[in-house]
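Each of the two complexes below includes subunit A, the first together with subunit B, the second together with subunit C.
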Partner chain A sequence: MSTIKHRLTPLERSERRLGFAMLAPAFLLLAAVVVYPIADLIRASFTFLHLAQPWMGNPFVGFDNYAKALGDERFLEAVWHTVLYVIVTVPGAVVVGLGLALLANKPFTIKWPVRLGLLLPWALPLVFSGLIFRWFFEYNQGIANAILRGLGFAPLNWLTDPTLAFLTICLAIIWKASSFVALVLLAGLQTIPKSYYEAAEVDGASAWQQFREITLPMLRPAIFVALIFRTITAIQTFDIPYAMTNGGPGNATETLAMYIHKTTVDFLDIGYGSALAVLMFIVSAVITSGYLRYTRRDPGRH
Partner chain B sequence: MAAIGIENLVKAYGATPVIHGVSLAVRDGEFAVLVGPSGCGKSTLLRMIAGLESVTGGEIRIGDRLVNDLPPRERDIAMVFQDYALYPHKSVAENIGFGLKMRGADAATIDRKVQEAAQILQIGHLLGRKPGQLSGGQRQRVAMGRAIVREPKVFLFDEPLSNLDAHLRAEMRAEIKKVHQRFGTTIIYVTHDQVEAMTLADRIAILRGGHLEQFDTPDTIYRRPVSTFVAGFVGSPAMNFIAATAAPDGAGVRLPGGVDLAAPEPLRQRIAGVAGKAVTMGLRPEHIGLHAGGGPAVPGRVLLVEPLGAETLALVRIGDVEATGRFSPESGLRPGADIALGLQLDRAHVFDPDTGRTLTAPA
Partner chain C sequence: MEHGLLRRSMATFGLAAALTLGGATLAAAQTTLRIFTGGQQRPDVMRQIVDVYMKNNPNVKVDVEVGGATSEQQQQYLNTVLASKDSALDLVLIDVIRPAQWSAAQWAEPLDTYLGAEKDAVMARYLPAYRAANIVGGKVIALPYFADAQFLYYRKDLLEKYGLQPPKTWDELKAAAQKIMAGENNPNLRGFETAGAPIEGTVCTYLVPMWGAGEDLTKDGKLNLAGDAAKKPFALWADLKAANVTPPNLAEIPTDRIRQNFQAGNLIFAMTWGYVWNRAQNDADSTVKGKVGVVPLPGFTADKQATCIGGWQVAVSAFSKNKAEAAKLARFLSSPDVSKMQAVLASHLPVFPAVYEDKDVLAANPWFAQALPVVQAARSRPVTPRYTEVSEIIRTNMNAFLAGTKAADAALADMNGRLGAIFR
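The block that comes next holds the complex of A and B.
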């Protein structure tokens, strides 16, 4: 490359102008629906803005909202619950998704039941999945307690006991999320040439050895993609606990996203809610960049 | 090492048969090549021997063991795949040692054997690299290293050279032959390239549409093909096939366009049983040349000249027949020139025009 600045010919300049002109509509749209709201969110997080107290106006308050968050016990609990959801549902969905992907990759003669089973949870709206599981675990009518009763056990307070409620929500999230993970991993599985397995088979590798020596290492990039996506959506967990318990009992299953929603929509405290949203955004960005750095450093990738 | 016995082997996918009762006895230590056009079933046959395809009917024996229902890992075979099937996330050394590791060999043994194999194949300096950093020829050597390191009873090769350029192919052909001479292991080798088959094989099995056409030494395949298919498949340029008629008195043949040729004694015997009938006469290009005394001269016209340096190929017209002949580069052929040709009709093959089978082959 030459260090001398390349002078553009008139043709190149006109091409470049055309390029910018064609990008402009998309850029303007993104600016209107992404850049502006984020900028306004950050601005609002440094102000006092409470819709139930309109007489207070919209004064600039510096880091007051952020300081308030650090002392807000309900916020810290919501963060802790969110972390727990991440710790349980990310590996859970990846393990279940891997199992589903391996199953779907088998040469079944009739493929549609497997594909349907794989795609249906993914295609269902989140709230709908939450409602389904809420019915499953409902105390009087739910199938879970019906089975327990049928087996002669006492029914359980699935949705009103703090620990059980957390576990049933995790179960619903894993069920819902594992199909997306499985789709990502299935795409990865299908890029592994069949001859690798045949060569391993001839060389004497058992099914488990083939999985460990070929499938798992070759699936690493796909697993990373699935982990990143799942982690980001796990940090934003909202719909399923909202539909199943609405954060209850008390606020035992409340996530960060739910608390932000309550703060802004129910309590109308826009300023404080904005600060919480900015914090969540920072956490997501930090975790994602950590993942990306790790994958880039990974020597096993090609 | 082991002989391989294939008895009446049948393969069908659903109701579609692809191998129709093939029998083949490969001797211990023999280099057998399965050859044929695509879709002839040669790869399927190899994969059945490997255990990668199930057997619909018949028997496969390796040594004295019936292996029909044994999984590949229990057949004591090693296979080199067309795409080499090297694991991209493992180093060359790990790839070569993979089979030993899977069978629970200890690290010191694996290391020693990998070093030995790498030495033989001259890839010792590549052991630390990943397959993605190797050239096609080097990958091919690694794939062979993975096979020889296990010291199996049988090596199976599935079109191993088809991804290489012509120069490398010649080099690796010699390399494979060396490996065979060194280890003396039975080899079954699949290719669609008749040059590979001729140069490598102790015996060639020619397959067509799931049937075995002929299984014999390269020399016999070339000189005594059992059918027009075999005759046309082996040899380059291919044998000329001429629709001729045997004279009613059996003393000669008539070519299309009314050219009458007297048959020398060996050809006379071959057409004795078909006097007055149509035959397909096969004549290799090396048996068509300039007339140099001996037999009668046949008038011909040069249509096309292809100088190859060591020899010159020319398409000539004899009566209504077009045929390729091999000429000396000094013969000075020009397109359009009328020349006197000498045909070595004593070397001509005679085939049944309907079935394509040989009537009698020249000795």
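The block that comes next holds the complex of A and C.
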């Protein structure tokens, strides 16, 4: 594409005007549902706004809410838990998802049961998966403890021991998220030409070599897409721990999104909750732009 | 002959016209009221009650909306509806802890003008605790629907088998539970349960022993957690846990799970609310029909028994478009007749002292004869517009302690710090 500027002909000018006119509704809609709420959130984060105390009004308090957040142990713990969920569930879901995608990419004669099996966890609502896993791990009624008892072991406090609760939640998240990752990777796998493998076969490459030298490099863009999506949703983890432990025991499994929900919806402390939401927004934006920069700098060298 | 036919067809026409006109006026005057209730407050019984109201008030249609199994889940939903000033709900059933918060947030339509000159006379008929709970800053915020308190449920058959009396102290409870558990040798049988999950009911799990030790969470509006009484609840529950009387998963037990375990025959003692009686006696899957006893909760000493006041109130939403009709329905729902209906159909404790002595009520709930003094002596959780935060701080710490992840000192320190910021 040349970038030489030239004068627009009247026809081009009117086409351009038409183009903007046709885009305007989309812009307006986005402004109404994205830009305005974010702007209002940022405004609210610099004010005191507590709906349980309406007589206090909505005064401007500068950076007070942000200063409070940095000294709020509960907030810092929630951030730390969220980071742990990201560290465990993002690679976890990608590894499991890759395995599933490779399996689904095998030349099955009937493809739909395999694809359906892949899709189902993804199609389930998040809270639903959370509830299912909670039933698995409940102390008295859960199947996990039933198995342990059957094998002669003592039952475990899956949901009320902080470490076990964290691990069971991670398991539920990985189960749920790996199917989405698998779908993205399966799409990537289908774009790799069969001839590459045939050539490798002729050269005597082992299956492992084929995987390392062909599949993985060719899949890099797809893996990056999956990583970005998974990381962003992992930062926003809410539904599954909410349904499984409601953040408990105490607040040992509470994520940042859950703390924001509690602050705004339960406590009605909209000002402080908005500041927390802005902080989460910044974290999300920084991580995403980091990924994007990395992918742009390094567009699949192989 | 011809005359008769004419007369008949005239009459038919007249009837048809009358029906059409009548139908039209009926439709025009029809008001639809929507009332919100929690799933645990027996919405089936409320439907029977509003059916009576609709029969007597054909111009009003009442929809019952059901949500949230626990008090804090309901309030979560209501927070979003009411913070956005949604007019979809006309009446809401609210927990006894909420009127102060609802008054401060201006979500409840004060009922003073609707009660008019009768206000003082109407309010004087209720149990004093409910009169006090529903009048905030001199205004009637809601009207009592049913009363409640925590009682000790016990297995009459098991206590009789081992020659035991219902315990009056926590030590007696522990000894009785241990004796029965050892004798029964049933791995599913547990000694005692109370709410331990991070839910509203767990606030009472902390407060009841504190009250029993003679103190309250606040004193003259200031936080009162420095003394020994504040440590008593931790010591009590740790003791029962160490003795294996409470189950290892107490921290995942919400209110209704206690009822389920009790009904399944897996519990000797349960600290829970009035509604359990009716379910344990009448539910198809109850294995303990006729084997249940109810007495006041134990204390550290037999003369110092404390319990948490509960119960539900009818509030008219400040955003309702039919406030006058809604207030009329609220008065009906808060009448002695409805109190009696609930007592018979759901073992909901009446809000009028006289209903406790009603023959039908006592036939359905023999233990109501001893329940009135318990309800009258029951104590309130702290009254503050920021109750949701107060509740969350107490229940989260209690839950962490019961799960064994937080020591009593650490939980108490966290409660001190965070509650201190609210009760300044």
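The criterion applied here is as follows: the second predicted complex is superposed on the first by the 290 of 302 C-alpha atoms of A that agree within 3 Å, B and C clash if a C-alpha of one lies under 4 Å from a C-alpha of the other, contacts with A are read in each partner's own complex, and residues count from 1 in each chain.
Here, contacts are C-beta pairs under 8 Å (C-beta built on N, C-alpha and C of every residue); 3 or more make two chains touch, one makes a residue touch a chain.
Bear in mind the structure is a predicted one, so any value in this text is a computation, not a measurement.
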Should the superposition on subunit A be reported as showing a clash between subunit B and subunit C, or a fit? fit
So, A:209: does it touch subunit B (first), subunit C (second), both, or neither? first
Which superposed partner A:79 touches (first subunit B, second subunit C, both, neither): neither
Just checking: does A:98 make contact with subunit B only, subunit C only, both, or neither of them? Give me first, second, both or neither. neither
Identify the partner contact of A:198: answer first if only subunit B is touched, second if only subunit C is, both if each is, neither if none is. first
If you stack the two complexes on chain A, which partner ends up touching A:244: first (subunit B), second (subunit C), both, or neither? neither
In the superposition, subunit B vs subunit C on subunit A residues touched: C
Does the superposition put A:118 against subunit B (first), subunit C (second), both, or neither? neither
Between the C-alpha centres of subunit B and subunit C, what angle is found at the C-alpha centre of subunit A, to the nearest 10 degrees? 140
For A:217, using the defined touch cut-off, is the partner it touches subunit B, subunit C, both, or neither? Pick first, second, both or neither. first
Smallest distance from any CA atom of subunit C to any CA atom of subunit B, in Å, after fitting: 51
Can you check the complex and tell me which residues of subunit C touch subunit A? 72, 75-76, 79-80, 83, 101, 104-106, 197-198, 247-249, 251-252, 261, 385-386, 388-389, 392, 396-397, 399-406
Over in the complex, which subunit A residues touch subunit C? Could you list them? 51-55, 138-140, 155, 157, 159-162, 246-252, 262, 265-269
Note: in the complex, subunit A contacts subunit B through residues 193, 195-196, 198-206, 209, 213-214, 217-218, 300, 302
Subunit B residues touching subunit A - in the complex, by the definition given at the top: 50-52, 71-73, 77-79, 81-83, 85, 87-90, 98-99, 102-103, 130, 132, 146, 150
